[in-house]
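Scrolling down, you'll hit the structures one after another.
Below, subunit A partners subunit B and then partners subunit C, in two separate complexes.
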Partner chain A sequence: MTAPEPVSGESGPEVAAVPGVATVRGTGVRREALYFAVRNRKLVGGLAVVVVFLLAGLVGPLLVGDPLAYVGPPAAAPSGEYPLGTTTFGQDVLAQLLHGLRATFLVGTVAALIAGVIGMLVGFTGGYRGGLVDEVLNMITNIVLVLPVLAVLMIIAAYLQVRDVLVQAVIIGLFSWPWVARAIRAQTFSLRAREFVDLARLSGMPVRRIVFREIAPNMASYLFMVFILLFGGSVLFAATLDFIGLGPTDGISLGLMLNHAKQWSAMNLGMWWWFVPPGLAITAIVGAMYVMNVGLDEVFNPKLRET
Partner chain B sequence: MTPAVVRLDRVSKRFRVGAFGRQELLAVRDVSFELRAGEVVSLIGESGSGKSTIGRMILRLTAASSGTITFDGTDVTGLRRGALKEYYRRAQGVFQDPFSTYNPVFKADRVLAMIRWSYFPDVGEQAWRQRVEDALAAVNLNPELVLDKYPHQLSGGQLQRLLIARALLLDIKLLVADEVISMLDASTRIDVLNLLADLKERGLAVLFITHDLSLGNYLADQTVILRRGSIVERGATTAVFGDPLHPYTRTLLASVPRLGSKWTDEPLDPGPCRYHEVHPEGGPPLAEVAEDHFVACFRLHEGRKCG
Partner chain C sequence: MARYFGRKLLIYALTFFVAVTINWLIPRFMPGDPVRAMVARAGLQTPEGVAAMREYYSSLFGFDVPVWQQYLNFWGGILRGDLGVSLLAFPEPVTSLILGAVPLTLGLLIPAILLSWWAGNKFGAYAARKKVLDNAVLPVWYVLTATPYMWLAILMAWALGKVAGLFPVGRPYSASLVPEWSWLFITDLVSHWFLPFLSLFLVAFGGWAIGMRNMVIYELEADYAHYLSSLGAPPKLVRRYAFRNALLPQITGLALQLGVIVGGAVVTEIVFDYRGLGYLVLEAIKATDFFLLQGIFLFIVIGVLLANFVIDIVYVLVDPRTRAGMGGDR
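Coming up: the complex of A and B.
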């Protein structure tokens, strides 16, 4: 197809022209979103950073050895042989970082998906249906919200002798959905009362379609931000669990790296190569996703678009 | 006389208010009237009188608490899913605020596409385009200027006419127009009013909900005056406006500002209660005092006797 031409609002005498709002003529809403998405610097830039780390986490572990093996001289600064140096025990920090990235993406993605899906289901159902259904769902949400997660996790840890990253991700996901459900429920309450929902009902649309095609798009950028927050929160929560010894019993993660670095006083010993890379990686990934969210807001909301 | 398209029989609506829904608010009380084909009925009342609730109950957007609403011989209060969708093929509504009736994240002409998805999935692209153009022509809209635009790029009048065009895509027999012109300026008002008059010529039953007496008078064959959820007076527009009987109707008519005369607060003497002249012992909510002219008891509030 030929590249669509952006046409600004004032193309006819009768149009209540809104200056500075760009639209694309003759295209569907999805193609139009894509048109603005690829032209949004925040979105593309943020995505680039995330993709670089994701690729590093996916491909990197294949190129390096066992992250826990004692391979090099202890506490060596970055050099040609070990680009990010070694730990106090002579483990390759680069190998740990690449494996840790993989574990971090796994924990963040799986936990965010589980929590996001549960939160959306509970929030949309309660918010749209209202009444008794909402009362019950809200009660469950509140109960999970006030559960002392750490205590529960300790009990779970006592039963599960071997825990891998995936189990950790599932446990985090099952306990971090309540705030999502509450926020989506509140938003749905407000959007449900709008007249465009009445119009959709008058158009014979079934409830599920109204929720996902009319209400959800109005908080699309919010839903995306939910995943970003859940992702970042899960990564940090995983690090917390690692710290108190409830982390994965096998493998390595960025949180475990930070924890080990702290435990072996890397900061006091000036071994910056041990804790800066994992800290920077977490910050860069979560930060890039926040920037992406701002960009997505502009893509989804025509009023925020720059011409 | 043509048979009624819609008949309301002692329809009431109770809302639960207050903490835990312990108190009840009677928004609509024992309302009965009917709409016939090719007739405009204006439903007039002050804010909070329940007129919009009646419109929403006819469109099944709000469930009636008691009473029956019959459309073409079937009670619509209990319709669900498929049957409700078929009902909307023949009954449609247009709402007060054109800006909130459109989903702001989508283009305005999506309201037309939704009709196609639900009711005409088999109609070809070309044939559908022709139908859309015909419907737009019927409401004096230029397809060039309104299609493929976002709601905030169109004027209120254009949006409102687009909604009427949407209703015309279906073979409707009933249109509920809820305060359709209150948000429009004077120059576009008359267009929309004349459009409703055209619909009436086509044989549609139109329920015109308004708080503006002169607009109600301009268009309607029948007038229903609503006060605090109950009908106080109804009948042919000429009768209600020419010979208002109920003290509330009189006060309402006297409160319309007129050019060239200063408004005075003279007490109006309604005379003895016309309702109790017909039904001395009480009876139905309204008494027929003349041909096609009904009036409720003159008592305006508790503790004050009628007459």
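Coming up: the complex of A and C.
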């Protein structure tokens, strides 16, 4: 973990600073957050793992060939030429893994952004407006909340004849926002009653400005952590969909690799190099994100800092 | 309390309504013609066959009547328990296929959910006050919650099933046996059940343990805990109070996680060829049997809603505040 240190040291503060951008007296807060962010081993370590995988997903596909081409000997164990071996059909597992990583980051990012934006809109509106608007939005939130997401995605994906990674990301994002909306609504509710918000209202600030300049910055750190959790959840959802055979119809993803491995009984044939890497990559990325989240919590919440 | 349940029931009824509507809308308003797609996927050679199949599907979907009537007919069918006929196992109705698969899935799900919840909470509360244990085990739980269900299942099937040969993999019971109340059959059933159960249990366990640990640490910092211990209450009593308070969000969490766990069970079954709902999902997708898939979807929705309602009742039993009518929309 020594090598990636400078990399994460540089991107660490940037990450930690993003939520603080909108605060009025931001510099002090930002510098403090930065100070603790760089020294937080969980945050730096988690970030390093994510960055390594992100780079592999961004640069890797340029270095390897077509992931679906039948290039090598069938069912070959890892060797110098094919570092992760080949599938039953002689496809390069490493090439599939690198392309799959790219799809994973794409799904996670797009779905998390969509779900985050919807959740924020619903949460802020409901929490700030209150009354009938809140009642209706809360009802919708609760309905989507109890709807089993995977079952809904299953139905939608099954009827889509052409599915690519982006479509998958959109439908995942459209159904995973409710808990975000709920949490943000509750926080907005309590912030709305504070003096500084009253003051802003008295001074005639428009509602949108109050929400985004006065209320949102106070939960900036929380919003950022929400994004990370949404990312992790979306990646796992996408992998599940891919695995049951509702993944992208063109291209490759980590879940699809697991699907193929299961379909062609890689377990029974003992071809561990086919099914271990994709699952390991998902676990490492999502796990690193969760660890980062704990680190961020410690950075933003002074009470947790002592460790 | 009546208001609390009334509110909950209203939400569940609306959710069911939305689910049924999604189920009805999607085949009709998805880009592309589902009838043509299904006919094309059947790969018929003769034009007469294609025409007959078109006709069959159109009448099955009820495309020959106005849209509003299609919608009402759809509801009528659901209320009669008629979810259509499966294409996979042809004359068999979807409902009976699903009912045949449900016991296996429930047999896997219910023990996994309840045991992981119970054990995870106990362990999380225990880890919260043992610094050494906490530091040593916490990373493991984080890894476990980040693990995709099917991958853990694949690894276990491979490592414990194939390599070590400890447990049989595939099917709910050996192909050579017939279901009966004999010792041989029951041991066989249990040995086939154990690995899928364990993999579901482990992933869920990590999540509950982390949640409980964080909640207990938070509760032990609360004013009432400090007050109690300054009064000289034994630490054990303080911890018990903290545990009880921390349990409430975990119950809500269980309701929220149900959908995810059911999804996990679906993929776990696929890995182990366990012939429950998950296996049916896979077969339905492979054979593009949309009626079966829609039926399973409705079934999962109903199951999750029922489970949610049970959790609501439990919540009222354990949280006196909801009984006093203060817990609004918890």
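Keep in mind that, in the parts below, the second predicted complex is superposed on the first by the 223 of 307 C-alpha atoms of A that agree within 3 Å, B and C clash if a C-alpha of one lies under 4 Å from a C-alpha of the other, contacts with A are read in each partner's own complex, and residues count from 1 in each chain.
The rule we apply is simple: contacts are C-beta pairs under 8 Å (C-beta built on N, C-alpha and C of every residue); 3 or more make two chains touch, one makes a residue touch a chain.
In this text, all values refer to a predicted model and were calculated from it rather than measured experimentally.
Asks: Mind working out whether A:Val291 is in touch with subunit B, subunit C, both or neither, as first, second, both or neither?
Replies: Only subunit C; A:Val291 stays clear of subunit B.
Asks: By residue count, is subunit A touched more by subunit B or by subunit C?
Replies: C
Asks: Counting only touches as set out at the top, which of subunit B and subunit C does A:Ala220 meet: first, second, both, neither?
Replies: First partner only, subunit B.
Asks: Contacts for A:Phe275 in the overlay, against subunit B (first) and subunit C (second): which applies, first, second, both or neither?
Replies: The second partner, subunit C, only.
Asks: In the superposed arrangement, does A:Trp179 touch subunit B (first), subunit C (second), both or neither?
Replies: It touches subunit C, and subunit B stays clear.
Asks: Please work out whether A:Leu202 is in contact with subunit B alone, subunit C alone, both, or neither, and reply first, second, both or neither.
Replies: In the superposition, A:Leu202 contacts subunit B only.
Asks: Looking at subunit A, which of its residues have contacts with both subunit B and subunit C?
Replies: 303
Asks: Where on subunit C does subunit A make contact in their complex?
Replies: On the subunit C side, the touching residues are 11-12, 14-15, 18-19, 22-23, 26-27, 30-32, 34, 37, 139, 142-143, 145-152, 154-155, 157-158, 161-163, 169, 221, 255-256, 258-260, 262-264, 266-267, 270-271, 278, 281-282, 285-286, 288, 290, 293-294, 296-297, 300-301, 304-305, 308, 329.
Asks: Give every residue of subunit A touching subunit B within the complex, in rising order.
Replies: It is residues 9, 12, 14-18, 21, 23, 25-26, 29, 194-196, 198-206, 214, 217-218, 220, 300-303 of subunit A that touch subunit B.
Asks: Which residues, counting only subunit A, touch subunit C once they are in their complex?
Replies: 138-139, 142-143, 145-152, 154-156, 158-161, 179, 232, 236-237, 239-240, 243-246, 255, 258, 261-262, 267-268, 270, 272, 275-276, 278-280, 282-287, 289-291, 294, 303
Asks: Which residues of subunit B touch subunit A once you look at their complex with the stated criterion?
Replies: 56, 59, 61, 81, 84-85, 88-89, 92-93, 95-97, 100-107, 110-111, 114-115, 117-119, 142, 144-145, 148-150, 152-155, 158, 163
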